[in-house]
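Each of the next two complexes has chain A plus one other chain: chain B in the first, chain C in the second.
Right after this comes the complex of A and B.
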């Protein structure tokens, strides 16, 4: 049955419309990723309202195309002007920019396209092959456990975020709180604060996402100087072939970095930025000539670029399995799923549910990586133009598209207020080290978490012991998850106390 | 980014003076220089508290989730806000929460044998307050505060010196460099975000007054003026803004042209064209038709290569 669904997904992907949306998504993604200051979540957030007229499958494919394309696109600015288009390409600068200064910009861009595509191809293939096990795993998890998995994801983000735990938790709780305005969608319970008609439909999460990612980012960009290429960078076509050969000669680095990206990407909150540095560090550690890193070593570009595209596959695992975004981009992707009436979780893996769409999405990513390879290599000599576009032109157009896209969705004035309010809140949250991804996770996860909490409490007769008492309701997994959450949040403090006590 | 410095600089200087006076007054209370973080935390605290009480009016099933989240939001924001008073606040708070948990747990236990876990947690908090006060405060401090923020020595945005603000951003950026859960950035020009926020607010107000169709090019023109863009480029960008809004109006949603507050819907560009521009151009079109299009069509009609008429 799963094989039939898989074949059906291939059939659905290989239609003209779907392929056009995929192609458009990847190209838009490369452009958005290549523009300094923009990145996958922003590009996806702006595209999100525009997907309304599309069929769900086409909309999701467009979004994953943007996601995948911008992961590669981020390397363009990193290599050419020493400014990562996206934070996940930061490590690419270390060796990519020196290569560019040595007159090997084409080689570096070609290495980036090839390593991104190869790593993307095999990590998505691995995910497709692993999917039957994943399906079993997801379908075995019940309602109380899904609520706890959501809390676990939130806890992991607060742990991974350096700095104050309380700030991470506050961001997550505030995000969840936003979703309680208006009726509780899954269980149809009405809630009206201050009898406000404007808030009757709740706060639209698409407007929140656009505010946090587009408006806050544009406010940030308006305060920054530079990021625009000043001089001419020579991009010689001859370097393209050299770049392909250099990448093919390093299969171990591509494979290892891609796998690092995939594993790290599956950890909520870690994302491509972390995997990027982990893979780069591992390449330095494993190298016979570690001193050459930072001065134009191809291995550094291969490791960095293979890892960030590998992250895409990894971050999809918690996103489509439990609705927990591994990164900001997957948070927007989940927003897209919800906007098109698709619920992340078991239904995404059921043959009678959305399994076909899940496979189509994964196959689209597979094809998307081929597009990255072809487009990346053929357009190498033209990619430098992206780094010459002044932010003075980018900022107003992004704001305009954000406003128009948000308002056109429902023509609800509250949505415009929402994007401005959350744009300002997002700007200051980032400024003072409050995890935006934890906040977004809360916003995206709110309805799912509440639905599961409500159902779990109904199963337990209203008592919370269903989450921690393994004997009362025969749910040992709930108990284990509760212990894991407790240890994640309080483990470091308990450990510090114990160590201090032993020292005394 | 190049802007007209004089007016905005003057305005910002006045704002900074007012902010400095306010910051000087609040600093002794907070034991640290007030920043926009305190405003953010106050916002969370007020929203959390309001929504906690607001949720009391909902049905029990609808109130459960909002009360937990609102309670958590209010509690955490309060604790971060009073991070320099944790030694005094945490024991009191723990005792109050412990007492409340024991009380509600006991009520639940008497009613239906439930609430045992709540009683245990409550007793634990009360014992911690009495017997392990120092450890409780130490734990709370490491849970809540970042070392650099305690006593606020390194967080001096309240001084409102642009350079200091920019430097602080740089320090933050460096410290946060390897976390994917955060953004990393530097602020070179503190005016940029402020003006962008104000222009966005103006865009919103204008949208509510005249609709988004025409508010959009006005916003883009205002932006072009602010950054000191030259006239031709500014006009082109404004035109692009109008094209974007018109496409949204024409293809996706025509209601965006109506001002929500005023109910006014300015005449859309296609009607304006039909009423004012098209009549002016008609004579020109007729000339083109008569002397260019018709002769061309006649030529094509008459041409019969291989005996087959083209039209």
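Right after this comes the complex of A and C.
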């Protein structure tokens, strides 16, 4: 009986030991996520061997606690020092950091904690209630759909580009070009300089992000007196309260972004970074004041942070229902399940199987989001004081942490060069008004688009109708995604024409 | 009860299944793969060289570094972490796992080849997968065989063929013969493998040319995880999965492992599984991977023996045996001689096999890039 199983899961969760592991996991996750470059996979992998003595439920709760906490923790560095703590917090920088510069770091951190927690709460609840639907979604999304999701993300360049449209397209194309370096696995093409193994896996996009944002910003700050905040820094209850209110006033953005995170997160191979940019771009598209994004619009922080925590719920679906690791984080989670004698599969959602453990894990994530909310509002917001510290101290710290964190990810010296090169490129892109966001979208989505385009065309025998003809290959979702891309690209022109026609 | 037994006897495969899976997830743009904690480990190597660089009898006198050329949480990493703890007891020193992922294990392998041959730094590289990757990528500057001294092996895994259950039910596919017939009859068309130019791509071509698998469309995926997902979702009718990943596929209820492409016996996990060598020569040289422990070339024999004895002690320890029993990971010890037999001459043998089957590596790579 499902209700009995659910009540049993609550009982299992509400024990002292389990709650301690959950708390420890979330807090460790927040710390790991907050360090530049490091992210959930590394945090979970370090914790993994330490879970061996634990009971299976406690071990899995500890791991998902780290996962969830890291997703939120990434926003801290993004907001305070313009560095993506995790790649899925990259979009948080666009408006979170300008808020810090305005002396509103505490409000931004408060928005981040509230949006993350609310999105986490309702997406986990949705997963508990609608997991069968999401399982079907995972099976319905194949290679052509993944290409179209990437294309949808790239189409967002038209929405988020401010100023010269040509410069936006150029930046996006340059980002795509970066992803052509290295091996393209489905194609067996080697595209690297002098056959260096350092470039075998291409240019790491996390290093690109850290260079573009953290290093470029530190170069800019080097010429600035005082702290990061250009005005008075306010860390008081009013600022924190403002963050909560600003988030609560945007239920549609929280809901929509959380759902984008959940759905995109459920697609193996897409991941939190993609959902992060898609949700942010959608917030820009839907806004009445799109020009205010990038200069401290709270809505941007809400959208970004709601989406990445929503991704946690979505990514669990392919991982625990099919054993498909959609990302490195869930690969480590599956490793944890197996290490403790649990086999991912439908039995994880069946009463006679491991449903009790699944419920316990999901309920733990619910409680974990409450921990994020409380810890985020009470402790993390105090970190806003960092923006008052003189840049003479901040700059070397950020640079050292950025290099260390990025190097630790792959232990590849090429990433050090990448940070430096893209730090300089980012600095000049901002100076000459080239869209850094468009560039990043190209870098994040290029690999997904290329690999899946090639494989999809292999599936269709080389014909492109697999992307738009719902009858030829039985892929209605491809057709719908193609329509969405068409509307995104041409909707504004069509709308203007229609309005002009009506006006006449 | 039956399901639980299935998990206990096979699951491992489980964790190592993640060999393929985590390795594949590494490149996923949303979350870059986890990495390493061992940047400082070089210190142990250097110290070791000082303390025992001439192969003194007191080896080891300092901590050791175990290089794993894949990410944390992957199958090879999980094996290493299980074995490392009981290995510390006979050695009397602690062992630090140093993950150096990248370039399909070539990055970590290259790094290991440049360490001092003092026994303080060793690693796990999977034969013959690494031999194939090294040869296929025409790596220059170091040699996959000559630059290493194998001293033990600790486990084995490899490829199986999995088929989508709906497809299997519709066309009565339950062994290699019926799978081959379904492709020949045109009932099914797509066959998935793990990346153009990979060992599974070569195996795909061999299955077509030498074992009659007349698929209409060979579809490359970005690694093991996506290939398994494609079979589970029915995007392709059948494809490759390591025996470890195949357990996940089977447990999903959407796919089944029907053919063992390796030489090792998998009937403990799948009593009814068919074997490819029922239909032709063994494919073990390209489909079976041995977790081989290696030290840089020139490591003194007595140090290799010491390390090998420690691996044997660890593999036979209660904790590793229990882990193997619980998860189904195949744990197997091989001594210095046995590991050398599985390490040297493999590239030459592979070249001969590829020459005979495809016409040579150049021809294979040209096919991969078509």
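As a working rule, the second predicted complex is superposed on the first by the 272 of 504 C-alpha atoms of A that agree within 3 Å, B and C clash if a C-alpha of one lies under 4 Å from a C-alpha of the other, contacts with A are read in each partner's own complex, and residues count from 1 in each chain.
Definition applied: a residue touches a chain if its C-beta (ideal position, glycine included) is under 8 Å from a C-beta of that chain, and two chains touch if they have at least 3 such contacts.
Please read all numbers here as calculations on a predicted model, not as lab measurements.
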Which of the two partners, first being chain B and second being chain C, lies in contact with A:75: first, second, both, or neither? neither
Just chain B (first), just chain C (second), both, or neither: which does A:455 touch? second
Is A:107 contacted by the first partner chain B, the second partner chain C, both or neither? neither
Which partner chains sit in contact with A:174 here, chain B, chain C, both or neither? Use first/second/both/neither. first
Applying the document's definition of touch, where does A:273 land relative to chain B and chain C: first, second, both, or neither? both
Return first, second, both or neither, reflecting whether A:408 touches chain B, chain C, both chains, or no partner chain. both
Of the partners chain B and chain C, which touch A:323 in the superposed model: first, second, both, neither? second
Between chain B (first) and chain C (second), which does A:387 come into contact with in this model arrangement: first, second, both, or neither? neither
Which partner chains sit in contact with A:425 here, chain B, chain C, both or neither? Use first/second/both/neither. first
Residues of chain A that sit at the chain B interface in one complex and at the chain C interface in the other, please. 87-88, 187, 189-190, 269-275, 327, 407-408, 411, 454
Per the touch rule above, chain C residues touching chain A in the complex are 3, 7-8, 11-12, 14-15, 17-18, 21-22, 24-39, 71-74, 78, 81, 99-104, 106-107, 110, 137-140, 190, 195-198, 201, 217-223, 225-226, 228-230, 232-236, 245, 247-249, 251-254, 326-327, 365, 368-369
Would you tell me which residues of chain B are touching chain A in their complex? 1, 35-37, 39-40, 43-44, 47-48, 50-51, 54-55, 58-59, 61-62, 64-66, 69-70, 72-73, 76-77, 79-80, 114, 117, 135, 139, 142-146, 149, 169, 172, 175-176, 178-193, 195-197, 200-201, 203-204, 207-208, 212, 216, 219-220, 223-224, 227, 229, 237, 240-241, 244-245, 248, 252-253, 255-256, 260
Quick one: in the complex, what on chain A touches chain B? 52-53, 87-88, 90, 157, 160-170, 173-174, 176-177, 180-181, 184, 187, 189-191, 193-194, 215, 218-226, 269-275, 277, 327, 391-393, 395-397, 399-401, 403-405, 407-408, 411, 413, 416-417, 420, 423-425, 427-438, 449-450, 453-454, 457, 463-465, 468, 493, 496-497
Can you name the residues of chain A that touch chain C in the complex? 39-42, 44-46, 48-49, 87-88, 138-140, 142-143, 183, 185-190, 195, 197-198, 200-201, 204-206, 268-275, 318, 321-332, 334-336, 338-339, 341-347, 353, 407-412, 444-445, 447-448, 451, 454-455, 458-459, 461
